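This is the structure I have questions about; it appears just below.
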Amino acid sequence: MDITAASGTAIAPAARAVEVIGTDLTERSLRRYLEGIAGVDAVGLEARAAGLGTRSIKKESKAWALDKVISLIDLTTLEGADTPGKVRSLAAKAKVPDANDLSTPQVAAVCVYGDMVPYAVTALGAAHAGARSDGGGVNVAAVATAFPSGRASRSVKLADTVDAVAAGADEIDMVIDRGAFLSGRYGQVFDEIVAVKEACKRVDGSYAHLKVILETGELSTYDNVRRASWLAILAGGDFIKTSTGKVSPAATLPVTLSMLEVVRDWHRLTGEQVGVKPAGGIRTSKDAIKYLVTVAETVGEEWLQPHLFRFGASSLLNDVLLQRQKLATGHYSGSSYVTID
Amino acid sequence: MSPARLTVPKTYKLYIGGKFPRSESGRVYEVTSRKGTFMANVAKASRKDARDAVLAARAAVSGWSGATGYNRGQVLYRIAELLDGRRAQFSAEIARAEGVSAAAADAQVDEAIDLWVWYAGWADKYVQVAGNANPVSGPFFNLSTPEPTGVVAVVAPQGAGQGSGSLLGFVRAVAPALVSGNTAVVIPNEQAPLSALSLAEVLATSDVPAGVVNILSGSAAEIAPWLAGHADVNAVDLLGAGELEWVDLQIAAAETLKRVSPPESGPDAGAPSVERITFFTETKTVWHTKGLL
Amino acid sequence: MTFLEYAPAPESTAILDLKSEYGLFINGGFQPGNGEAFQTISPATEQQISTVSCADEADVDTAVAAARKAYEKTWSKMSGADRGKYLFRIARLVQERSRELAVAESLDNGKPIKESRDADIPLVAAWFFYYAGWADKLDYAGLGSAPRSLGVAAQVIPWNFPLLMLSWKIAPALAAGNTVVLKPAETTPLTALLFAEILQQAELPDGVVNIITGAGATGSALVNHPDVDKVAFTGSTAVGREIARSTAGTAKKLTLELGGKGANIVFDDAPIDQAIEGIVNGIFFNQGQVCCAGSRLLVQESVHDEVVDRLKQRLSTLRVGDPLDKNTDIGAINSATQLGRMRELSDIGEAEGADKWSADCVLPDEGFWFPPTIFTNVSTSHRIARDEIFGPVLSVLTFRTPDEAIAKANNTPYGLSAGIWTDKGSRILAVADKLRAGVVWANTFNKFDPASPFGGYKESGYGREGGRHGLTAYLAPAKTAATSTRPAVKGSSK
């Protein structure tokens, strides 16, 4: 299927888009819808994010927040040098983040490249969410669709996705085609998300959760971020995610805030809950708590659950563990007291 | 020589909203030359005339202040052009009314003409001199601009044969307020109102929109309090009010926080200055966000 | 406890070292006043903070005489560069003691510590820093070369931004070469008195700044003192009108910064989330006790319901309570008197048929509190659409076209501030042109900066504070300046 930007070209019928835009789902109607979304004033958005960042989270709120942050982390390794050993190490950390304090919650997921999914699944073993029926456990998330650039043919991207799902990935982190988006070919981006979503379908008819990475650092403007967020949601994304972590800037508080506002508006419009995942660049507990505040005050505290909010991070976890140890012991901890994985 | 031709004297009336009405009160007062000979029965404005004049001035604000500075400048310059063409008439009228020499009357008219030219040139410049781009600490474009305050009530310099003269005094009082786009209700020289009322004819036939200048001849002491207390007047220029109970006028003006310019006396009263333009302006500061993203 | 309840995060008051009693700051030292001393209390708890002297007419006399002497003997003779250095010193001392000043301000005024810490006090330092640099550059103020200072400035400031208003008054006055007698508001004298200590640390020459505390009578005696050359007042239009009357006929140069009923205009293409924030900031910043508050929301009819809906949702996240808690968004109302006025006007709003909605929040038992409140179905004729409430109460009105928005925005005797929210740049500029207000914020609100002139049209007062314009309020052209700007024309001299 080759979709061009030609106006009027029909695009894939995704249930959400049909419901909101109508059955006459074309490139033109999609464009009109996206361009009708209110603009963003960058100064005001950044000021609001900065304001949220000044909340002072202390004592029991901080203790709760630190545990919450851990439980929302997609513990990530996305290196060309990744090996099964590295992934096993990551999985071990995901299951038991702090061996000295078994009350420490597990992270939400480990996030790896598609070829590492089998190792992650094996390493998690009984802790793998897919191996449990109680709703607990750690998920395996796989980046797919020619991550991080997304520069591959549609068929390669779909095969990438199908592979990862078949290998046991619970979640797929796909990238949108930023080139297509920036040149205004919204229908193409839309269709691709719909197609990838279909590729997330398992043999039993269930779907792997689809996180749609907008790569906001390449979209550049908040108006684009907002438009891309709507587009990803309309096309069926379960999550919208800021970044691959390979492009700077990655996640920022204002970008995440603007995405949360879209999610909030989608909920107002349809009652459906869509997740948000800032990824890349969140390294400290202090920063992570600012995100929690932003989520709670924008979409509501209800969103602070793994199926609605995630942090894509690697070094963040250790900083949270250090802070957690400080709260528990009353004195500051050091890097020798957390594990390097 | 044939006998002197019998002249056709002019009826001097008020100037309100571009028209020349008699006072609604039907009153006139006798204006004499410096030597005491009868010159005219001039309309004597009442408080209701003052009310009508303020209404006319208010109605003219949006058009006049909304015109471009370039446009206002040309309109004011046009006054100078027309005045120059009627130089002899004004000079003769002034010489008789003020009892000054023909040369002095000529000089007064010339200075008045040149003063219109000078102020005309400011119309598209005073904003640059009085405005400011402000370097605030943040992502904002911030600009301060002076704007006309609205309707200005003006007491022109009083007294025949004093100060800078009845025409020049009037122009010094009125022109600066007009530069920025204010409209004016003016009480001209009570004893020597003729040149101002004749100037109304110039204004009426130039391109000055109706209502931009309104002239109320009569008793300054009687009319000024109505203007100073009028809630729809934004500023009061007491330039020529030194002999009136001007402190009371200022107190009346305080009721609606009008801007009040104090009386001045002597030949330098109302001497041309940029400050006389900017006094009747308000500085508006607009903040705009600046965002690339 | 839910996460959003946030554990208390109180700013410590240990940083404060307050005296139990403060005198009048005259001629470089503290001295008792002749009037009856009064208490300053914390509006959040109604607890007494300190006892403050009250200046009577004799004290005012002493203070004005001290300022006069300092003007004649010291300050008017000092080089601009040295005056500037004193102001720079003051700016630095304010920065050094900023946390202490912020805590004192929140304690005495009731405003949230995040505002005193992040807005008021940083702006105080910025104000002194900005005007410090002007002191030796007065030739560039726009009044021609060598402009003159005026003499002794009498300054009376309000309680809503106590130290910030002090800086708006004192910084330009001193930079221009004037000396000062300042009276802080009766309910918020604390930071002005701490500021007096800062002046001592800065070794500012005695008498250059005198700070006298007291109520309305003290202020009245000060502005009406015959040896005062300049009067600067920020406060209510009623008092401003009284000052304009009482100074009529004098040579006192007058700056008045009075009330407002600012229109915040939201067009249907506004950046909606930022507009909501701007509306909130516009009317709930400092509990709405702001003369330039956006107290009238003019929203385009087509987006009215959505805006109101979002606004209510947003207000539900505002945290009302202890001003010293770092997470407090809405603090205490400054005084029982102010609270009474808010309640009265709010009751009138309901009686006139507007629909009242208040955020669901638990208000403390002690102290003065008013919940964030919105009135919808407000008509332009309602008193809540015309009178300054000076509290966290927003009146929502609608419009259909830009012309109607402008007409309604301007339909008030006030003319201090306005806001415009639209994505369309050309509309911003055109609407801003037509608004009769001294400060217009486009896609933002309640922004202040020492470089930016502030002040009103119409009954919001006259004169400007801030920027080059604010400096000229304390200067007069050199004696010869008037002739230098005259045209060279002198008739066609025959």
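Labels A, B and C are assigned to the chains in the order they are written; within every chain, residues are numbered from 1.
One rule holds for everything that comes next: a residue touches a chain if its C-beta (ideal position, glycine included) is under 8 Å from a C-beta of that chain, and two chains touch if they have at least 3 such contacts.
In this text, all values refer to a predicted model and were calculated from it rather than measured experimentally.
Between the interfaces A-B and A-C, more contacting C-beta pairs are found at A-C. Averaging the CA coordinates per chain and comparing them to the mean over all protein CA atoms picks out C as nearest. Centroid to centroid, with C-alpha atoms defining each point, chain B and chain C lie 36 Å apart. Averaged C-alpha coordinates put the centre of chain A at 70 Å from the centre of chain B. Computed centre separation for the pair chain A/chain C is 45 angstrom, with centres defined by C-alpha atoms.
The set of chain A residues that touch two or more partner chains comprises 41, 43-44.
Residues of chain C found to touch two or more other chains are 443-444.
Multi-chain contact residues of chain B (touching two or more other chains) are listed as 138, 140, 289. Across the complex, chain C is touched by residues 103, 106-108, 110-111, 114-115, 117-118, 129-130, 132, 134-138, 140, 142, 144, 149, 234, 246-247, 250-251, 253-257, 259-260, 268, 271-275, 282-289 of chain B. The part of chain C that touches chain B in the complex is made up of residues 126, 142, 237, 240-241, 244-245, 248-249, 256, 258, 413, 415, 428, 432, 435-444, 447, 449, 451-455, 457-462, 464, 467-469, 477, 482-483, 485-487, 489-494. Touching chain C in their complex are the following residues of chain A: 38-41, 43-45, 47-48, 54-62, 64-65, 68, 258, 261, 292, 296-297, 301, 304.
By the touch rule above, chain A contacts chain B in their complex via residues 41-44, 46, 220-222.
Against chain A, in their complex, chain C makes its touches with residues 1-9, 114, 118, 269-275, 277-278, 317, 326-327, 423, 443-444.
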